[in-house]
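What follows is subunit A paired twice: with subunit B in the first complex and subunit C in the second.
Entry: the complex of A and B
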């Protein structure tokens, strides 16, 4: 048995508490900042306790927007982010399920070619083909549309590889049993394979929702209209070039709103999140 | 690995795989080919005529001193982000792995920054470190530290490194914790019986057994520092002051945005593609090793 020292345990708690404080402090400050008024923040003497402007700040930012910078209300941005995150997550899961099903359960010409075509996209992240991809979207008249915002992001190798890996572990007997029962590939997919894939799909959904919600580079290129902005882009645009013009209490309220949905997803579905994270990275 | 029990159908599999292949070809391959093709072209100032110039765009890049500077900035930034976030999260994971009370609570409190967007992480930290109103900046000033990330390149680098490390700790922590929990307790107990103290157990047994996880995380962190920190940099410093925080990816983004030098921007993209291919290859080589192990 390993020796247990009281001192060692105290030290472990101490290090973890320091870690938690460092991790949580910036968010605490943001929450506090979102409850004060502009002057309290601007003179640099913001206290570490909440102020009395909570409702006012959140109401203003959600339904009116800032004065000097982007004037779009954040409610619109939240909706855009939600639509983008959902379309990316659901779209990715749907097309990856189908392609993995084709690759694992059928033999067809160019099957391996198709597999490699999908696989190699791992090496082509959007950052290395920024402007040519932008041009494709512009040529297809998809700028400022939800399709343009999401379609180029829903094809990726990770989800397909994950489903392929999972399908390989599904016992062959299930296919044979289905065949004996007279079920075709479509019936097998919906009645047997989909129910079995439920946990994998849910874990993947958590990861992809966060991925979609936090997209930065792509929406900043594709959206030019203010009412198509996502919240992550909107918050950056609220930081005015001139420091004095930035309405920090509203920026912080927006930051809190931008973090809330994905953080709730991670904390509420912690086990699915951990499963999704460790499996997609294999 | 192949399935033995399969369905036979000629058209169904093609229809099933078509959506993904189509999107992949239109939005991945076509733009990538365009980038490669464009990197061999030089366009005149008005975009009226283009000339095929072989590797001139690449030569031009490497003769420019500040492209080299971007390279060294990226290396320094990636090293700092990877090293600091790995060290801090390993320290935290080792503590959380000890069977102490409330380990689950600590885990929950440490993993959620994974869900925070890089750009938002940047905004949170700039609020505290803004030289005119940030509370940490103020405390530093009263302690006599001259802190000005708007003018001082080193300060600006510190700023983007802090925000990037903060966001990445949760990810590394989770993987280190999983790695630590996979080490058989019997090995560690045997070492303890042989009289090895806790520091010695860590360096001679735990750390070496953790090396596959560490190696995997080093690659992931470098990829993160290269690509995913664009939001952090854009919200905090926009690559400044005087390009002190401009990484390779940020530069492609900024150069192409001005729209002046498409060939040069494309050549930079192609160089990035090679870097990704290299990193992915290293990652897969490691995965093969793990499978044998």
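Entry: the complex of A and C
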């Protein structure tokens, strides 16, 4: 390593610290805001020190809901979002794994056609095909169901390409050794390929969980009942108050709560996630 | 244990490449057969066909009394050791060894017994709980062997199992493999492109060239009586000297000098082969071959010295003479050499086949 100058070190840290402050400040404001009562924020002075309503605000928002249009407590919304994000992440990983397995390890007619068809689904995200998709889901009576909420979002093999790339780096001899060891295609998949894909799956899970968690357009179309709402929509609805003050302290608390699960997922998966992006175990 | 029989086996790959052509071979029960040949000659293809990893385009393969053409690799009851070992990276050494047995429904106690026994035999007991990643190349090689042994199969198939090891370890493992195979008495087919490995391991040596079998025989027979120019040039290091000679008045001549050999009846030109260690200084007295050459370079390798030179009157015919110990002959010296008649091989120029003695 080249000896770094002291000044360079200080400068580098300064820039990093400024970056951290810029990113963290709004989060800090939200956390602080969620500990005050309604009038403090409504006065127009955003406080920068914690207030005394922390427990009260969080209890109310989690279990009672706001006075405005969304009467559902946030706990329900959190649960809905969690189920949706999980189903999307797990579902996408599952179908991507399977389709990549088929494409890499099996010789069948129209193999490349199948690959390209899967690939093209990447170019048709939900937003593009939203009207026909809505019609299909409505005709299947899947409005206000978890299936209706997640199926169209699962149905694109985002990660197929990634898994295909990964599978192609797995030495052929491993498949052959498995064959000789008496492991058929299913056994090879579960005993060898899945464990080897562990880190790749973890990395994808983090990315897809956040993708699912942040969904906005599709859930807003497909859910009509309050108890099916996701938290992202909940926040939006809390802001649209017609005849009363927006309860900002509750909005802030909801925002903070909405941030937590993705953070937990990232932190919990951090080790695997980084391994998945940087190293391969072969 | 079982014998392996190949009858007129052909392999044509999807692209139309004929990798193996009309190969017939009998491997007796308990025998170690080595397939040797240059890169791309179809050795691996042939081995993989025996293993069931490649389909068989034509002919028949039998293991024991069973025709195995249509059987899956697992049903053929063979075990294979791969060049890159192909250990399961996410499993411990123990699980690597046990996996094939578990898949076959071998009872737990029996698995433990066999793995322990193999681990003791190969001295890999201390590593049983480790992952392959945490092993050296030589240790991985042993684990790969262990995985084959625990299965107690009808046959072992080896595809260049030692080529990822350094020279010293390779020599050691070669000897161990030989001893192990003798001890277990398991029929084995071993692929290598290293002719030294082939010579030292084989009960039966199979020399392949361009998808076809050139010669089959015990290694020393192949060495002493190569059936073709190809085998003569491939087996033995340094390679056999090959000289194109003409028949003049019933005697052979090459370059500017007579070879002092009678020409075989009915041929105008012939290829004469003689091994570097069979050339001795001085001219022949009586029956034998005489070669005059000029030394161009000397190559001392310690216990012996190789003299590289060219034939009198034919600078493009290069020759090698093998001399025991050190040699003080300076480059540029002209020397006379001779070989006994029994050490001289004659090959047909056109077909490359050995002429009848």
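Just so we're on the same page, the second predicted complex is superposed on the first by the 255 of 282 C-alpha atoms of A that agree within 3 Å, B and C clash if a C-alpha of one lies under 4 Å from a C-alpha of the other, contacts with A are read in each partner's own complex, and residues count from 1 in each chain.
The working rule: a residue touches a chain if its C-beta (ideal position, glycine included) is under 8 Å from a C-beta of that chain, and two chains touch if they have at least 3 such contacts.
This one's a predicted model, so the numbers in the text were calculated from it and none came from an experiment.
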Joint occupancy of subunit A by subunit B and subunit C, clash or fit: fit
Could you say whether A:176 touches subunit B, subunit C, both of them, or neither, answering first, second, both or neither? both
Now for A:106: first (subunit B), second (subunit C), both, or neither, which partner does it touch? first
Pick one for A:270: touches subunit B only (first), subunit C only (second), both, or neither. first
Classify the contacts of A:141 with the two partner chains as first (subunit B alone), second (subunit C alone), both, or neither. neither
On the superposed three-chain arrangement, identify whether subunit B or subunit C touches more subunit A residues. B
Thinking of the overlay built on chain A, is A:23 touched by subunit B (first), by subunit C (second), by both, or by neither? first
Looking at subunit B versus subunit C in the superposed three-chain picture, what is their shortest Cα distance in Å? 7
Doubly contacted residues of subunit A, that is, touched by subunit B and again by subunit C: 173, 176, 179, 281-282
For the subunit C and subunit A complex, residues of the former touching the latter: 51-53, 72-74, 78-80, 82-84, 86-90, 99-100, 103-104, 133, 147
Touching subunit B in the complex: which residues of subunit A? 1-3, 8-9, 11-13, 15-16, 19-20, 22-24, 26-27, 29-30, 33, 41-44, 46, 95-96, 98-99, 101-108, 111, 114, 117-118, 121-125, 127-133, 135-136, 151-152, 154-155, 160, 167-168, 172-173, 175-176, 179, 184-186, 188, 210, 213-214, 216-217, 220, 232-233, 235-236, 239, 243, 248, 251-252, 255, 258-259, 262-263, 265-267, 270, 273-274, 277-278, 281-282
Quick check on the complex: what are the subunit B residues that touch subunit A? 1, 3-10, 12-14, 16-17, 19-21, 23-32, 34-35, 38, 88, 91-92, 95-96, 98, 100, 102, 106, 108-121, 123-128, 130, 132-135, 138, 166, 169-171, 174-175, 178, 188-189, 192, 198, 216, 220, 227, 230-231, 234-235, 249, 252-253, 256, 262, 265-266, 269-270, 272-273, 276-277, 280, 287
If you look only at subunit A, which of its residues touch subunit C in the complex? 171, 173-174, 176-177, 179-183, 187, 191-192, 195-196, 198, 281-282
